[in-house]
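Okay, so chain A shows up in both of these, paired with chain B first and chain C after.
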Partner chain A sequence: MKSINDRSQDIGPFVSQTDDAIIICRCEEITKGEIRQAIHDGMFTVNEIRRYLRAGMGLCQGQTCGKLVKNLIARELNVIPDQLDPATSRSPMRPMEMKVLGNEEVSHV
Partner chain B sequence: MKRYDLIVVGAGPAGLSAAIEAARCGMSVAVFDENTKPGGQLFKQIHKFFGSKEHQAKIRGYKIGETLLAEAADAGVEVFLNATVAGIYLDKEVLVQIGAAMEHFKADTIIIATGAAENMVTFDGWTLPGVIGAGAAQTMMNLYGIKPGQRVLMLGSGNVGLVVSFQLMQAGCEVVALVDAAPKVGGYGVHAAKIARCGVPFYLSHTITKAEGSDCVSGVEISQVDEDFAPIPGTQKHFDVDTICLAVGLSPMSQLLKMAGCNMVDDPRRGGQVPQVDENGETSIPGLFAAGDVSGIEEASSAMIQGRMSGLAAAAYLGFLSEQDKDNRLADLEIALDSLHQGMFAPGNKGKTFTKTDEGIAVSQSLLKKGYLDDADLERFIHRSDQTDEKSGIHPVIECTQNIPCNPCQDACTRGCIKVGKTITALPRIDATISCTGCGMCIASCSGQAIFLVDEDYAPGYASITLPYEFLPRPQKGELGTALSRSGQPLGHAEIIDVRSAKTFDQTTLVTIKVPVEQAMTARFYQPETNAAGQ
Partner chain C sequence: MSKHLSKYNDVIIIGGGIIGNATAYYLAKKGLSVTVLEASKDIGIGGSSRNGGGVRQSGRDTRELPLAMWGIKNLWPGLSEELGVDVEYTQKGNLRLGKTAAHQKILQGLTDKAVSCGLDVRMINGDEIRAINPYLSDEVTCASWCPTDGHANPLTATLGYYKKARELGVRFITESPCFELRKIKGVIRQVVTPDAIYEADKVLVAAGFDSRKILATVGIDVPMMPLKMECLVTEAEPPMFLQMLGTADADFYGHQSKHGSFVFGGSSGFEHLNKDNGSPISSSIGASCTCRGIIKYFPALADAKIVRAWAGWLDDCADHVPVISPVEEVPGLYITCAFSGHGFGIAPAVGYNVAEMIADGHSTIDLSALRYDRFKPKQ
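After this line comes the complex of A and B, so read on.
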């Protein structure tokens, strides 16, 4: 099994592909090419791609693109997707307005 | 902060079933669901379910949902709607957004039943308006009464793709093609046959290469794929469509479990990231359970059983149920769950290719490639038990040729004409020694719409065929239309000689057509004169 934490591994140069312009993360409008480029910049995990590009940080919180991003990373690193950790899950589960999170308009049950 | 014995997240079939069992054991139970309506996926499912009596077979999904809600109310379950669970913390503390307020709850046990989300595939133009998930199409049609489009192409031949294709036609859309990259139909053959006989062409080993249009979908291009699923240049086909429906699988929405710190595994056979659970759904955190699609994509029928199991286990965990009672009741549920996990489509058989049925009959390749049984297959399947087929008069013809967990046809025929036997995945057989009264209960009870009544001696030179019909408007007696073959090809004129609907048929209309006797074994659908099938 290949270690995906081995940052010194050579994954070869970034070679553009014909469908690099396809959007992968709809919410933040991040393309396949941008994600592949980020992997070649050294972002080897879904979490790193999230922080670097905001892919998976939009309205759906990666519900749609999470698997797609994972598959892209797996292909570039030449590992199977199951070997990659998915993005961290943390509260709040859904995007939420600050005034709600801060309970400014409280009407308790 | 408010306390409960049990907090359930998700009011789908799994969550509601869990809540009912726990509340009946005396627990105080709160269920949170982020939707405005409870029921999860169930209220979108207007078709009759498979399984057996104990799995509520032949009952339509939304009716099962209504029953669950009534039972939950009876048992004293509190259901909170518009209530999104935003976080789960140590010691089973839960943060919920209800309306514009954040509320804090604590429980001694938690059951996560958050279901699944639809997968997407990417192709040129996939973000154009008009490319939607099949579940979204189902929500629009069946919950809100909105037609998703006029002309639709469906990608995905699993049960979801097949069922939603049929529902799209019921809603008045035209389904121009059913496409799948796999070389064979993934879902039940009976579901495929239902849409093939309406004339929907199947394109297996094909995928979408482009959604066309500038502001929204105006067309779609599909291409054949090679063994590695790569599109083969030069094989493109174009369809004018305004909607592209994707039914390419579901992924468990297991984020809350991960957030809570449960041990997770990545299991492609269960749909992705799922919690490690024991046989009752308990995760690596004692008192925290997962049930339904969130712990592995299956079906509503199994989600309900898993929900009940986790509800009972939670009750036993807190001492609301003795260990012995728990074991007794779980044993029955395990048997019920196990019977659903049998047959060609069992979770453990995912990806396997069957060449023969359990009975040793070669499976229909035509059903797997084109969605319908061809004439050669009929020989093998239709005359299974009644070799003495000289019988005159009305008799059932069953076109159910795969080992699926289903048997309502057997219970439907009180005369005993139809036999599935103890193993519910066995193919239904006809006992030709018992004469059929033509009551039609078998047709209406068959979740796969796979039973027909044929009378070769209806009139000199003419046969009558009674078929299940679930489109509106209902045809009228005396009406003239076209008889369609299993592949939806017009065979010639058909006259409606009888139309029956009854409460016990549960919305399925039984239409009897008169066709030339040569078509007795080929005519399987009826198309009204003025419009195309399903419109």
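After this line comes the complex of A and C, so read on.
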């Protein structure tokens, strides 16, 4: 299996594609072209793309675009998608108001 | 398993966090060949991208304050342009908040020390605080105010240094943990990983808490322990304030990012007793406790939604100040670790000065107070 650990490996030049303007991360409005460019900047993992571009950092936390980002990286690096880890899952599962998350009161109705 | 001997480099850096990446960048700028070895799959996966983003001078120990002041004057203002990545540096001051007489005493002590080092920082009262930040509750009665402090984005700063160093020819290898440092004829020479042995004249260990077991292979020890801390972030909110915030007890800190989200870190009081899961996982009590703290300081944020919480480890030093030092006992070996939770803001200055130390034998800022052999038993 091809390794992506050597970050200086030649992945070829960035070649623009006709659908680079498509939005992949809807929450943060990150396009396919921006993600492909980030891969050529050296971001070879889903975590790195997320931190570099904010793709998957919005309200849905990457539940919509996570797989798409992973497939884009795999295609650009010419590896199989299963070789890439998904971004780290973070609590809470759904956005939650501070006054709710911080509530210590327990009411037994 | 057979290990191939990798090609020679001027410098091997162990650790792909912001300190390793920044040092690699400044060394490459000087024309040296550098390889960075990262143990995990991701660049900047440790404290570098888990911290609260403070770029502070106030509240620092006087031994690291000159480094902080120099970096804020000389590196941070031009960093986005230099790296070609928006590091979101915002220099709109730091409020370190207090509610009690005990807090006032802590803040006054920190302020007096910083003033003696030439820093523009002063104590202000509740009215002055709310003139700067009208969202703070009436519980806040005193603060230290340093107008030249600020914050930045740890994620883009860490990966920005990586991107730029890589462009300059620095080789980065992930999933390459260092098992052993080896001396040849009394000087550092080899770095042993599962797949290869790397050779260099100089080796920098910049691996956070993991530096301890790496340094142990050449008989060097830095007295530090891992300490888990937790952070959280809200959805994007309308712009409210631009200052960096902290507290006298250092139990709460945060800022509003350029994106609009609020990033806050806080402690539940159980950090030193956290279960070591082998990876930094948020506890069930951390985020809730921090939310209660935030609401007391900022009642207006009670309805802001938390979208994400995370945890990370500090490499907490015996005296809570980093080790940035050459190791004379092992010629060619250098250490940058034990940043104790306040490494991000000084990272560019550390990278710049350590690159000078490695390449030129001396640095712009005198780092002798941060030596690795400063720790003495009690008398």
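To be clear about the criterion, the second predicted complex is superposed on the first by the 103 of 109 C-alpha atoms of A that agree within 3 Å, B and C clash if a C-alpha of one lies under 4 Å from a C-alpha of the other, contacts with A are read in each partner's own complex, and residues count from 1 in each chain.
We adopt the following convention: a contact is a pair of C-beta atoms (placed from the backbone, for glycine too) under 8 Å apart; a residue touches a chain by one contact, two chains touch by 3 or more.
Computed from a prediction, not measured in an experiment: that's the story for all the values here.
Three-chain overlay on chain A, with chain B and chain C fitting side by side and no clash.
Contacts of A:Lys32 after superposition: chain B is touched, whereas chain C is not reached.
Legend: residue contacts after superposition of the two complexes on their common chain; A:Leu101 is shown touching both chain B and chain C. When both complexes are overlaid on chain A, the residue A:Gly42 reaches chain C alone and has no touch with chain B. Contacts of A:Arg90 after superposition on the shared chain: both chain B and chain C are touched. In the superposition on chain A, no contact is made by A:Val15 with either chain B or chain C.
Rounded to the nearest 10, the angle made at the CA centre of chain A by the CA centres of chain B and chain C in the overlaid structures is 140 degrees.
Put simply, the nearest alpha carbons of chain B and chain C end up 6 Å apart when the two models share chain A.
In the superposition on chain A, chain A positions 88, 90-92, 96, 99, 101, 103 are in contact with chain B in one complex as well as with chain C in the other. Interface residues of chain A facing chain B in the complex, by the touch rule stated above, are 19, 22-24, 26, 32, 63-68, 81-82, 86, 88-94, 96, 99-101, 103, 105-109.
Listed in rising order, the residues of chain C touching chain A in the complex are 41-45, 49, 85, 155-156, 158-159, 162-163, 166, 169, 171-176, 234-235, 259, 282, 287-292, 294-295, 301-310.
Of all the residues in chain B, the ones that touch chain A in their complex are 2, 34, 80, 84-89, 95, 97-103, 117, 119-120, 122-124, 126-127, 251, 253, 255-256, 258-259, 266-268, 272-273.
Those residues of chain A that touch chain C in the shared complex are 4-8, 41-45, 47-48, 51-52, 54, 57-59, 61, 85, 88, 90-92, 95-99, 101-104.
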